[in-house]
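Two complexes, one shared chain (subunit A), two partners (subunit B, subunit C).
This part shows the complex of A and B:
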């Protein structure tokens, strides 16, 4: 059943390699970079770290959406439901006198817990129906939230528990929380995708039926990803709340978040860990540079999206790596023959 | 018996595609399945591996009722399957494709799964393409990949759906050798194939399916000699004629006809 000459028996069995030259460099560089970023509140002005909180939140969101769509094959436009939920978790914690920073953890738990029944509902839908279904569920979350007077009904409320903390310290703590969230999210997705579950997810993304035939528990793998992504988006919403100290339902539950997430991931490169980070940086740069020009900002976003769809179909990261094997965070397996 | 099927049926709308099929396959034996296009052969495999749920009937694997088990559960219980139209994980390498079966189907841990996957690729002659993306493979190599992945699940029951289609005469013997080896290792094999002479090399028993029902079952030579079987083949489409030319005329040397000659 072969049309190639049989190769002589190899002297040693092939070895499975899970690193690349680039990843070994990245591993060495990563620690100093994270340490430098952690020291930034002592080195830079508060407005710099304030901006970086926004960027880290975007990176977190992009990473989570990529986990859902790029690895789990679930195109959701309803992640704002969990962002809003996370923001309101901080608000509720604040109402009960709990430290809002502790609310970050509660937000993750709340989003993850609510993701389970949500998954039960939306997993009955597929493709475009799944996308719309998640959006509808997010709208329901919003509509239920604004029914509660205690959290300001339709107009929202402010986070008051942090008013005693000096602004500079508050900014630094928020920044460290955001940095930790990003490091955990990227590191977590990296480890997840290298695990058995990661192998299963990649298979599901490419061919769900064949994956099931090869023993992959498709539904349970997808459910885990959905819950993890919900927790991540909940955390992002909580970060937005402690950063801005104000939670407005129309803003935190806005479908615009989904549009941003899709933009970042598609621009950066779907199904890679590096791509969404790059996409978030590009999106953040466009947002900051064009903020004074109003609607032009949306025009440029659209133009960039069209350009990426035409010229960089595997995203900017795909353009950077092209055909080279440059993977900073490799999740795959390569066989190497030692001679 | 590794597999016992009783009264299996499945309809789509008003059309009964698999109609009251019963069959048994024991350890280390191979059942060849022939039949014209649209006879329900692939649907039968889909029912056996759990991709489709049966409307009626009972499927027992090693004496355990798996009629309601999911495809993943059945794979873990020992059902391996190749698809007629290959379904590779296009974005993964060939090695990773096979690894999915070794890790999730056979339930091996990392080191053992790596060794098993390499072994399966070696067996099917695909090892030299291990690091290529499965989506870049040509049809023939995709078929090899289907077989490698199914073998990686360490199946007790192997379901082959037209795995020889498109292979040249030079490539056939190697495939036949692999399937024989798997069968002689104690695995039960069900092989759907239009290339009947390939099937005769391996099959211990033969089953002819027509319009979803069992038309004939028994010794391969006897089944192929059955006038009813020859009738459905002659009445079938052009692709089915590939089988007709391969069906030896009555009394002419049948490779698997001599009893006790099983290699």
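This part shows the complex of A and C:
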């Protein structure tokens, strides 16, 4: 025991830092990357940006689901309810002659407004029963939607308000909207998690009872997260609607969206900001590669997700950062000793 | 008379839901796991019966002799291989694992059996009915499903209340650590509970398959119905689960009587009303969880 070297006495006081070396690099790289992505419609073929719209939508969904489950501790299997609402908000806006791109904003508002009464009901359930409860509410949304003949009842309808816009321009605008949505979502979650609310959420996720005794308003914090995640999913649904120009209830309200979100987040890494983005990219690649094999790709993904949930609970991002303090978007505080 | 008929048919339908729900209820009660693959396992049982009746050329009821033990064994293996490991991974892991399993089962069934609508031909027994008055007839199959549901729930109640394994299950459910200190092997208790639950799932799947049609993607819908029955009745009460199933069945039948597309929606709405007004269920236990 005697040959353990003693730490040299600090020459200066320890310093609290919120950044890491990796995060400073990321901050410098982020702006050029976003600018390059924004310029992409001028540089690449329309089919490239179209694929990226799909990817961005998945990143947005994964980020929102991670906010719910990874930071709010709420496993929802009913986010497709808000995706569907968002898509139908675009359709309804279109029916009233409102520009479908303006419908993107309306979709967020509509999803957030309906999330409030939904939270009131489903917050009475916990754990797995919360998961199925959200699913029932999503089913109610779907069943009520298909009763309206104005939006095409069970078969859905097309978005017609963009038919005057040339396809190349339409593709570019949709792409920019999707890019903006992803930047705002990731940036928003990052700022949220660095705020007082973020600290409260981390406390709730780790131990809700202890958080409550320390004065954290558990229910209100959870409600905010639920509403924000609903708005994000509504936006994703609206993006799907303006991208495909067709809204079908069985597709936009499909529980498959929840499966996608869960796979992306669990494979990428629950409870980190970087993990879901990585998970979305991996998921998208697997989806594209295994597309010829039909539904088998879902069997593979399901098995991978089970393995990740059991063996690598921090996901791919957790494996990447194992034993290393790599944080591109750090939300915590670090104590540094200047020598 | 149509309304009386709707209520009677709803009660019979509720028998199936109660049968679905008791497995979900048991797994939650003992393991504290909400099995999100419950519906897909039910569909798997129905497809096993399709294979069994096809290869052996027997009545679906006879196929139960094969399907029930196979599903029980599957439950035992499932618990040992997946669920028990997931229990050590915190609150989220069991949900993620069972949801992953649900997607795997659903799509594997879809690829193996195609998306075609199937049913289990029950022969004369499936179509014969008991005439109770003018315009009111009760199918023998539907009636026997309800009787089986009540018998299974009563049987489970007796097992839980009076047998050594039932006592072990209750003890492990209340406090796994203390139960283990008293010499109970929680792995064995959990595995037996899951095996029993999947045996009831096998019964539910075969009876559902004989009553109506099913596809590989029906699982999630069945899970939702089972869940609604459990919550309407009240968590942790087997008789509550029966009551919840019956209430759900009647709500759906009456809703469908108003307009066919309202059936499922009416069931969901009754569930949401119960959740809003009486969140711990109709048969409230003194303490929740």
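Some observations on this one:
Following the convention adopted for this analysis, the second predicted complex is superposed on the first by the 316 of 339 C-alpha atoms of A that agree within 3 Å, B and C clash if a C-alpha of one lies under 4 Å from a C-alpha of the other, contacts with A are read in each partner's own complex, and residues count from 1 in each chain.
Please note the rule applied: a contact is a pair of C-beta atoms (placed from the backbone, for glycine too) under 8 Å apart; a residue touches a chain by one contact, two chains touch by 3 or more.
Since the model is a prediction, treat every value here as computed from it, not as a measurement.
By the document's definition of touching, neither partner reaches A:150: not subunit B, not subunit C.
Touch criterion not met for A:31: it reaches neither subunit B nor subunit C. Applying the stated contact rule after C-alpha superposition, one finds that A:139 touches subunit C and leaves subunit B untouched.
In the superposition on chain A, A:332 makes contact with subunit B only, while subunit C stays out of contact range.
Touch criterion met: A:202 reaches subunit B, while subunit C stays clear of it. Looking at the shared chain after the overlay, A:212 reaches subunit B, while subunit C stays out of its contact range.
By the touch criterion defined above, A:14 reaches subunit B but does not reach subunit C. More residues of subunit A lie in contact with C than with the other chain of the pair subunit B and subunit C. Across the interface of their complex, subunit B is touched by residues 1-4, 6-7, 13-14, 16, 196, 199-200, 202-203, 205-207, 209-218, 271, 332-335 of subunit A. Subunit A meets subunit C in the complex at residues 69, 73, 75, 77, 120-121, 124-129, 131-133, 135-137, 139-140, 143-144, 146-147, 255, 259, 262-263, 266, 270, 294-296, 298-299, 301-303, 305-306, 309-310, 313. Residues of subunit B touching subunit A in their complex: 49-51, 70-72, 75-76, 81, 83, 87-93, 95-97, 99-101, 103-107, 114-115, 118, 124-125, 127-128, 130-131, 140, 144, 149, 152-153, 167-168, 170-172, 174-175, 178. Subunit C makes touch with subunit A in their complex at residues 28, 33-36, 82, 85-86, 89-97, 99-104, 106-108, 110-111, 220, 223-224, 227-228, 231, 235, 261, 264-265, 268-269, 271-272, 275-276, 279, 289.
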